[in-house]
Every structure is written in C-alpha cells, then in structure tokens.
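Once you scroll down, you'll see the structures, which are given as structure tokens.
Below are two complexes that have chain A in common, paired first with chain B and then with chain C.
== the complex of A and B ==
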C-alpha cells in the first residue's frame, strides 16, 4: 500500500504537469486525471500491469482518434490531407516516420516529410525528442505502453478468448518479415526521397487522416490502407490474439526493436524458475517468445519484445520480470561464467523493505512507461471527452 | 551452480537510487525543457523539409517596405468595408526554383511564387506579376489588357510570361498569347499570404528549368469585378468602388509595387508625363534562378538568397563585430541610465501619491511605476489594493499578469507552469478589455513580452506574441507616429517571436522594418537606442 501511495503521489505530479496545469477549471481534465491515477494505482497495487495497460491503451486509441480527427476538422475542415496542408508543411508527424527520415536526413540534411519542425504537438523535433527519451528509458516499451495506434490491435486481439489461428510456429517468420520490411521502407524512402510507408502502407490512415482520392494511384493507395487496416489491425489480431500489424509490418516497431539495446529496462526470464509451460509464448502479443526461446534457455524474450507485461501476468512461477538493462547484462555475464547472480539482501526492518521495494525495477519501469502514457495522452483524452460531451449534450466545446 | 560474491552492497543502492530519480523525474524534466532542447538541436542540425513538398528551393525573397501601400504617395483605399488597412501592402515576394518530380502533390512539375501582405483578405486584391525570362528584346513592355493600371515596363526588359490574380483566381499567360493556363492561388493566414503554383506540364515551359536570370514586375491593385481588367480605377475621392487620391488621370491605379524603398516606388509611379501622354514606367526586380544550364552564372551564390539588408552592404565582418561590441557597451550604459530614470520616476510617483486617495487610477499608476522600476512587491501591493477596491481596468490586469509571469520565472518548473497559466488569464483579459490605444499598448506589450520570455514548446505563445508586438506598434503609431524607437522595438520583438516560432521569412520582414526605422532615424540625426541597434547588428541588420 505504501509503495502504491508513493508512486501514485509522483504520478499525480506528472498528471498535473501534463494535463491539469492550466486546465484546473475543466471537468474533462479532472476526469482524465482521476482516471489515469486510478488506473496507475490499480496497476501498482494489483501488479496486474498488463490488464490495466490494456485498459489504457484501448481507451487511448479510441479517444485519440476522436480527438485527432476533431483537431483536423478544427484546423482544416476535413479529415483529408489537403494540398494546402502538404504545401504548407503542416502534416502531423508521427513516430512511424522516424526510421524512414533518418537516412535521407543524414545524406541531404532534409526531412522527407512535410511537417512542422518545431512548435507544434506533432512537430518533427518534438516527436524526435519524445522518441529519443522513450528509447533510452523504455525502449520498445513505447509500442506496448504508449503507441496511440496499438490500442486498436490490442482491443481486437482480446475479443475472442482463444486464438482461432495459432501463429506461434510462425513467430520467427513474422519477425524476419518485419525487419525486411523496415529495410525495404528505408531503402525506398531514400530512393524516392519520400516517406513511402505513409504514402502506400499505413493502415492507420483510416483512423487519422487520408490523402484525397484524386487519381488512380491515390485510389490504389486508399484500397491498400483499407485492406491493411481490416486485415492486420482487425481480422488477424481477432483470429490470432496477436498484434499482427505491430509484429509484422510496423517499421517503427522493427526500428525500435533494434534501438532497444539502448533502453534502461528489459524483460528477463529466470531459467531456474521457468517450468517451460509455454504460457508466455502463447500470451505474447508481439510474437517475441518462441518455443526455442524457452527451450534454449535464452533468459530473455526475442528482440521484438515490447515489454507489455502479458508474459509476466501468465507466468505461473513468476519467472519473468522487468529488470534494469545493466543488471540483466551483468547477470548474463555472471551466468556465462557458470556462476549464479547473488539475490538481493532482504532487509530485516520495515523501512528497509519499503526502501528496497521502491527501488524494484518493475515499479520503476511501470512508472516510467506510464509517465510516457500520460505525456502523450494528456492533451488528447481530455479533448476527446470535451468533444464527446459537446456532441452528447450540445453547446460549445 | 556457484554464487558470484562480487554483487550487492552500497553500489547496488547507489545505482538504483539513480534509476529511481531518473524514473521519477527524468522523462518529466526532459519534456519540460524539450522546447529549449528542440531549439538547440534544431540550431545544430538545421533540419528543413525537403523543398519539393513546400514549393522548391527559394531562389529569391524580396522584402518590400511596410506601409508603402499608397502608390505614388497619395492613393487612398476604397471605402468598401472589405478593404482593411494593409490588405494591399505587399511585404514579401518569394520566388522558388521550378520543381520537377515532386511527391504527394497534384502537380509534380510546377513553379511556385509566394506573396505576403500586411493583412487580408485576398479577395480585394488584383495582383500582377510580369516576368522577363530570356533577357532579350522579345516580349512586351505594356501590361496585357486595356492598361487600366496606367503603367508601362522598362523597355530593356520586356516581359515574356505573366500571371494575373483577381482574388484567388487567375491565369498564367505568355506574351505571344500561345500559352494560357488557369491558376488558383492558395490564400493562407486569413488572406495575408498568397501561394501560387504555375503548372509546368506544358513542354513549351520546360525551358524554365534552365533559366538563370529573370526580372519581375510585381504590383498590387484593388480588385473590382466591374472594372476593366478587374482593376479598380482611381479618382480624386475614394468611394466604395473607386480608389481615392489620384493626382491626375495618368496616376497609376496601383497601391504597391515591388521596390526596395518607398521613395523609389513613389518616384517610379509618379514618372508619368501627362503632357506627352506617357504613362508611369516601372523597373523590375532581378531574380536569379540556379538553372540546370545556368549554374555557372549563379555560381558562387547561395541557393537561398535574401535581398541584402541595408545595414550589411559594404561592411566588413570586422567592422560589423566592432560596431556590435561598441553598441553592446553603449547599451549597458543606456540600461543603467534607464534603470535610474525608472527609479527616479517611481520615487516621484510614490512621493506624490496620497495613500488616502480614493482614486484607484493613482494606485494603478503607482503600480506601473513600481513595475517599471522593478519594485515587484510594491507593484503587487498597489495592484491588490486597486483590485480590492473593485477596480479591474485593462492596465491593472496587464501589470498583474506580467507580475505573475515574473513570479513564474523564479518558481520551480512545475509551479511555474501553473503560475504562467494564471498570468495569461489576466493578460488575455487585459487585451480583451483594452479600449483606448494607450490601454491596448500596455496590454499588448505586457502579453507580448511574457510570450517572448516563456518556453515555446511548453506554452506555444510566440505567434501570439508576434501579433501582440505588431498590434502594439500600430498602437504606438496611432499615439505618436514619430516614436521610431518604440515602434522599432515592437518590430524587433515581433521578429524575434516569428523567428522562434520558425517563421523566418516573417521575421526577416520585421527585422528589416526595424532596421529601416533605425537607418531613417540615424539619417535624420536622431539615432535609436544603442540596445536596439545592437540587437539588430548582431543579427546582421
């Protein structure tokens, strides 16, 4: 309880700073603040991280769509990407574009996306800074905890209790395809000096903004967007209980998997405690745990782990946990020498136990990941509440 | 399995304490300062959008003086309510390099032009741009149509291609009449900016990709659907459908032309000869394009060119740096003297203030004097007293907001955000309730200065700050049009706001306007303050 109170108090400060400050008189912001604090407290108290994360991410995806489309209508009167928006360089920039812009920027010093550089919630520099700090802290945890698109697949993958199609044996192929697709996108973007993924493959165009259908190529692109959304974001997650778009197509996901080595936290599997029941492999939404991962006692999920915590919640022996990266690396080195890492000292007094508990990497990871959830959702969710209220009850927003 | 004895101990706690601190405050603090970090990063990396999305490389930006929208010097706007002050005042004319193979665009081959005006709407303007592309004697020296604008072009640079806009609709045409393409301008920012894209699909226009030197005649008239050539005619007195202030029937019905100075514009537009039936003749501005085959001609020049600022020409880098240093030292002295003056004023106001007086205006004046002399506690006490007596004038709210913002600057970051938000409640109310030019001035200056001082990414107030400073400049002009010092300072701060919000071209306009006032004042023997000239000098103006 004391640990819950400790972290919740700090989360209160985060929620205040990123949402409530300047909006103290807004009921929508208060509802948001209280809801987020309640979800966070429940997460810490029950340790059912994944369940509450899921609640947040699904809600966020829906409310983000409402808010974002509303903002587009306010700014340009339509959801469609107009020529004026492109020519003015005011297309909102999202994190998925980051891997595609790096190589062209390195070679030409130019960003191949018509977005604002600074001074806007979806500016290039703003998103890159957010991505940078997220990378060095939670790494690919962004996909599992923060991504405003991920909730669509998360929701669809939870509709059926059991998977109708088992993808476990195809995990490796899906991962390979995702990295190959990242390579393709980076290469094509460099070749055409244009974000090819946004132009042809982004399924989330359907829930954010889409290009005007003015000619045959734009019609074909629209058919691809709709097909990918229905296939990879709705139908396949429904049948497989996996986040198939995140696991197979998203270039940012693959890129972030490669960048994850710079993150501060990772998921580790204690091979001594593991009973090889394979529940974690079946539960993993990101196809990051194979049968081989367990059998070969790798001690950690594969590269594409998004730290969502699904495996932690289903492990019957508590063999899976969040760990500091440096600790995980040090433990791995010790194991490689044939030794066993020393377990932490258990203090004899209550204060010592409390002090040690708040230093537990699982709390620190969850706190950090949820901080990003608040940073990214702090403006959109209250805005969506206000828009919904104005539609439901009338009156100005 | 053996145990490793090296693990655990004090370092275990030390490292984890560090992780705890970074988890609790790391991301929050980083995002709090992300504005500063983003700007620093942007200044190091200098990222820019690939120009093919936004119109191509800028070949040339011509900065036209602000406030020269009186044609030959005496033209008056029509009285129709759609004409707002500055709606025919050209500020910038930007020519881009022709683009081919652009992605995400309706036209993958185009040539873009951008015209910026002091205010909207776009619907009242008739814009004409005549271009001499080949530099030879072919082409025409009169505008197309019946010549209702009343001017002619330099015979040594006859035009080959042109575009004419009436509101947002227009046409691109050639002098030989073989090419005529309908075009449409995008009216942005409430009609202050017009973006024109000339489609270059026609193979006959592909030679433009190789063009090196071009000359442009750019002028702005008042649009009327009833008039010949859609250009409103000029008469002695203004009416709803007539321009006023024409000196003769030969006076060009043109409000603004692209010309480096107002004096030159007036000279050109007054060059008509009524006795010999000669219309006024205007000179073009030169725009060099890179040109695939013309790169040798453009060699050695930056691809992105601005018109040279007046202060720069003929000055060596050493001279500039020495001047800047001298101005900096002088500005420190000026600041000290100003501080002493403000303190003397505060003491004088305080001594003459009768504490028992019921006049709350005196309290606000006292607060204002204390605020300027940096006696914040006294200023706040006086304002609180005024508010407690039910006084809520615009200046009082403006000072209160500014004082709160100053408190925010000294507060810890989390508290600062809340305090600044509270400050804006007062500052916004001050602007909304300002009635007289003096009140507008106080309210806009207070809000503008706060907007310029606070982090942009957290609050996003720089654009608002820029419009506050421009409104304050307008208020100064209506109170005391000869006050070049304060007007220039407003322009300078507006430019800084625009620059911080990434609007470099807008910033360029107002840096140039401040610089122009500085040069005019210097020429008149009343130089502006060293602080202002130093600010301009360090930016190369």
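== the complex of A and C ==
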C-alpha cells in the first residue's frame, strides 16, 4: 500500500504537470487526471500491469481518434489530406515515419515528410525528441504502452477468449517479415524521396486522415488502407489474439526493436524458475516468445518484445520480470560463465523492504512507461472528452 | 587548361557531386540483392556489383545511341513525359527481374524448385517464408517462376538486367551529363565526357563491396534481404511501374 501511495503521488505530479497545469478549471482535465491516477494506482497495487495497460491503451486509441479528427476539422475543415496541406507542409507527423526519414535526411539534408518542423503538437522535432527520450528509457515499450494506434489491435485481440488461428509456429516468419518490411520502407523512401509507407501501406489512415480520392490511384490507395486496417488491425488480431500489424507491418516497431538495446529496461526470463509451460509464448501479443526461446533457455524474449507485460501476468511461477538493462546484461554474463547470479539480499527491517520495493525495476519501468502514456495522451484525451460532451450536450467547446 | 577542365575535370566533378543521387536510385535495388546471396565472398560480391554497373552503362549507351541517331529530332520526342514513361517502364522491368530473381543461382535445391516438377521441400523442417514461397514456385502456374526460368537463375544475369533497367530510369544527374556530352563538338568527346561522368559516380558504390562482411555472418539477414528484394520487386511492378503507366500518376 505504501509503495502504491509513493508511486501514485509521483504520478500525480506528472499528471498535474502534463495535463492539469493551466487547465485547473476544466472538468475534462480533472476527469482525465483522476482516471489516469486510478488506472496507475490499480496497476501498481494489483500488479496486473498488462490488464490496466490494456484498459488505458484501448481507451486512448478510441479517444485519440475522436480528438485527432476533431483537430483536423478545426484546422482544415476536413479529415481528408488535400494537396494544399501537403504542399504547405502541414501534415501531422507521426512516429511510424521516423525510420523512413532518417536515410534521406542523412544523404540530402531533406525531410521527406511534408510536416511542420516545430511549433505544432505533431511537428517533426517534437516527435523525434519524444522518440529519442522513449528510446533510451522504455525502448520498444513505446509500442506496448504508449502507441495511440496499438490500442485498436489490443482491443480487437481481446474480444475472443481463445485464438481461432494459432500463430505461434509462424512467429519467426512474422518477425523476419517485419524487419524486411522496415528495410523495404527505408530503401524505397530513399529511392523515391517520399514516404512510401504513408502513400500506400498505412492502415491507420482510416482512423486519422486519408488522401483525397481524386483519381484511380488514390482510390486504389484507399482500398489498400481499408483492406489493411480490416485485415491486420481488426480481423487477424481477433482471430489470433496477436497484434498482427505491430508484429508484421509496422516499420516503427521493427526500428524500435533494433533501438531497444539502448533502452534502460529489459524483460528477462528466469530459466531456473521457468517450468516451460509455454503460456508466455501463447500469450505474447508481439510474437516475441517462441517455443525455441523457452527450450533453448535464452533467458529473454526475442528482439521484438514490447514489454507489454502480458507474459508477466500469465507466468504461473513468476519467472518473468522487468529488469534494468545493465543488471540483465551482467546476469547474462555471469550465466554465460556457467554460474548463477547472486540473489538479492532480503532486507531485515520494514524500512529496508520499502526502500528496496521503490527501487524495484518492475515499479520503475511501469512508472516510466506510464509517464510516457501521460505525456502523449495528456492533450488528446481531455480534448476528446470535451468534444464528446459538446456533441452530447450541445453548446460551445 | 580550359580544354582540360571542360573535358576531364568537369565530368568527373559532375559525377562526384551528383553520385549521391545515382546511389540513391541504385542502392535500393542492389543492396538487398547483394545481401541475400548465399556464400557470397568479396570476390563474387564485387563481380555482381561490376555486372550491375555494366548493365547500367549498357542502358546509358543504348540511350546515348538512340539520341545520337535521332539527332535534333530528339528535341521533339525526348520530353519529360517520355522520360517519366521510360522510368515507369524501367521500374516495371526491374521489378520483374528482382522479384523473379530472389533465388537466382542460390543453391542446387532452388534449381529443382524452379524446375517444372517444383514443390520440392528440402530437409526435414518446413521452410518458412520466403523459402516456402520459393519451393512452391511452379512455372506452369506461376508467372514469376516462368520469368525466373527466362532469366535463367543466374546471379550475374539478374545483376546485369537490374542494372540495365535502373539505367533507363533517367535521373537529373544523367540528364545533365547527357546534355553536356551532346554539346561536345565530336562524338568521341561526348563519349569521353559521359564515361568520365560515369566514373565519377562509381566511388559511391564502393561501400557495397563490404556487404559480405555483414551477410556472411547471419542467415537471418540474408533471409530478410531476400524478402525485401521480393517486396521491392512487387512495389516496382505495381506502384512504380503499372500504376504510373496505366493511370499517369
């Protein structure tokens, strides 16, 4: 209880700073702040990280759509992406494009995405700064905790209780395909000096903004967007209980997997405690745990782990946990020498136990990841509440 | 001095200054192809790059020959619209070459896979994508497999053909060099100017010589590269070739 209170107090400061400050008179911001604090406290108290993370991510995806489309209507009077918007460089920048812009920028000094560089909530610099901080802290945890698109798949994948299609044996192929798709997107963006992913392959156009249908190619693109959204974001997650778009087609997800080595936290599997029940492999939404991962006692999930905590919650022996990267690396080195890592000291008094608990990487990771959730959702969720209220009760926003 | 500058230094400088653009068009085609090759040592890799560059040079030669035959008529026919159509056609051909050449010359089993009997699955384990795709190629039913048979499954041939098709994609640097060489008082001078420009662009391909350093270490990387090559081939055929040619986008 004391640990919950401690972390909740700090989360209160985060929520105040990123949402409430400057909006103290807004009921929507208060509802948001209280809801976020309640979700966070429940997460820490029950240790059911994944369940409460899912509640947040699914809600965020839906409310983000409402807020984002509303903002587009305010700014340009339409959800469609016009040639004027593209030519004036006012297209909102999203994180998925980051891997595609790096190589062209490095070679030509040009940002190939027609977005504002600064001064907007979805500017290039703002998003890159957020990405950089997320990379060195939670790494690919962005996909599992923060991504405003991922909630769609997260929600769809939990509708059925059991998977109708088992993808476990295909995990490796999916991962391989995702990296190939990243490589493809990077090379094609370089070759054509445009973001080919946004032009043809983004399933989330349907819930954000879409290109104006003015000719047959734009109609074809729209059909592809709809097909990808229905197939990869709704139907396949529903049938497989996996986040298929995140696992197979998201270039940012693959990029973050490669960048994850710079993050501060890892998910580790204690091979001594593991009973090889494979529940983690079946539960993993990101296809990051194979049967081989467990059989070969790798001691960690595969590269594409998004630290969503799904495996932590289903593990019957508590063999899976969050760990600091430096600690995980040190333990791995010790194991490689054929020794066992030294177990942590058990504190002899309550104060020691409390102090150890607040430095526990489990709590610190959840706190860090949820802080990012607040930073990214702090503007959109209250805005969505206001828009819903103005539609429901009428009157100005 | 002026003669030296206009005949030697200028084309070399033009190649060196615009070579980044050449690399940006060619590397997306060449890199996955080189990375995906099995048992590719430095010698074989360099040879494949050389074949690619030779293919590109052959395409430039063909365009140069056509322009020289047309003479002033070129001004009438060779406009940006034609250049764009030529580029789209080049992408279409390049896409077919890349997609059908993903397993070109890889191993003995691939030759079996590409034979009319096909559907041979090697080893006891079920091969994953794209190996599964490879083993299911049947030239009687699959156009891609038929194209692969036509190409003949040779690495060098795929490299040469893809280089040649990329060469028909006319980039701004090529335009500049072509027009400056056409400005030359003699045919030999024009050829020399263009050849030096071409040599100027070559240093940008040097980093590709180091590809085996990465590809030799990881089978997973080669597998990813082959899938990428297939995706790029499909993208060239549909989005960069067919759609612009059919709908003018």
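Operating definition for what follows: the second predicted complex is superposed on the first by the 397 of 397 C-alpha atoms of A that agree within 3 Å, B and C clash if a C-alpha of one lies under 4 Å from a C-alpha of the other, contacts with A are read in each partner's own complex, and residues count from 1 in each chain.
The rule is simple: contacts are C-beta pairs under 8 Å (C-beta built on N, C-alpha and C of every residue); 3 or more make two chains touch, one makes a residue touch a chain.
These figures come from a predicted structure and were not determined experimentally.
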Have a look at where A:358 lands relative to chain B and chain C in the superposition and call it first, second, both or neither. first
For A:389, is the partner it touches chain B (first), chain C (second), both, or none of the two (neither)? neither
For A:213, using the defined touch cut-off, is the partner it touches chain B, chain C, both, or neither? Pick first, second, both or neither. neither
Contacts of A:277 with chain B and chain C, given as first, second, both or neither: neither
| said: Between chain B and chain C, whom does A:179 touch in the aligned arrangement: first, second, both, or neither? | reply: second
Q. When the two structures are overlaid on chain A, which partner does A:339 contact: first (chain B), second (chain C), both, or neither?
A. first
Item to complete: In the overlay, answer first, second, both or neither for which of chain B and chain C A:188 touches.
Response: second
Practice task
With the two complexes superposed on chain A, say which partner A:102 touches: chain B (first), chain C (second), both, or neither.
Solution key: neither
In this superposition, the partner of chain A with more touched residues, chain B or chain C, is B
Note: overlapping chain A surface for chain B and chain C spans 104, 108, 192-193
Chain A contacts chain C in the complex at 104, 107-108, 170, 172-173, 176-177, 179-181, 183-184, 187-188, 190-193, 196, 200, 215-217, 220
In the complex, chain B touches chain A at residues 1-5, 7-8, 12-13, 15-17, 19-20, 22-24, 26-28, 30-32, 34, 37-39, 41-42, 45-55, 103-106, 186, 188, 195, 197, 414, 417-418, 421, 456-457, 460, 462, 500-502
In the complex, the residues of chain C that touch chain A are 20, 23-25, 27-29, 31-32, 128-129, 220, 223-225, 227-228, 231-232, 235, 239-240, 243, 247, 249
Interface with chain B, chain A side, in the complex: residues 10, 13-14, 16-18, 21-22, 24, 83-84, 86-89, 104-105, 108-120, 123-126, 128-130, 133-134, 137, 192-194, 199, 211, 214, 264, 324, 326, 330, 334, 337-342, 344-345, 358-359, 361, 364-365, 367-368, 371-372, 375
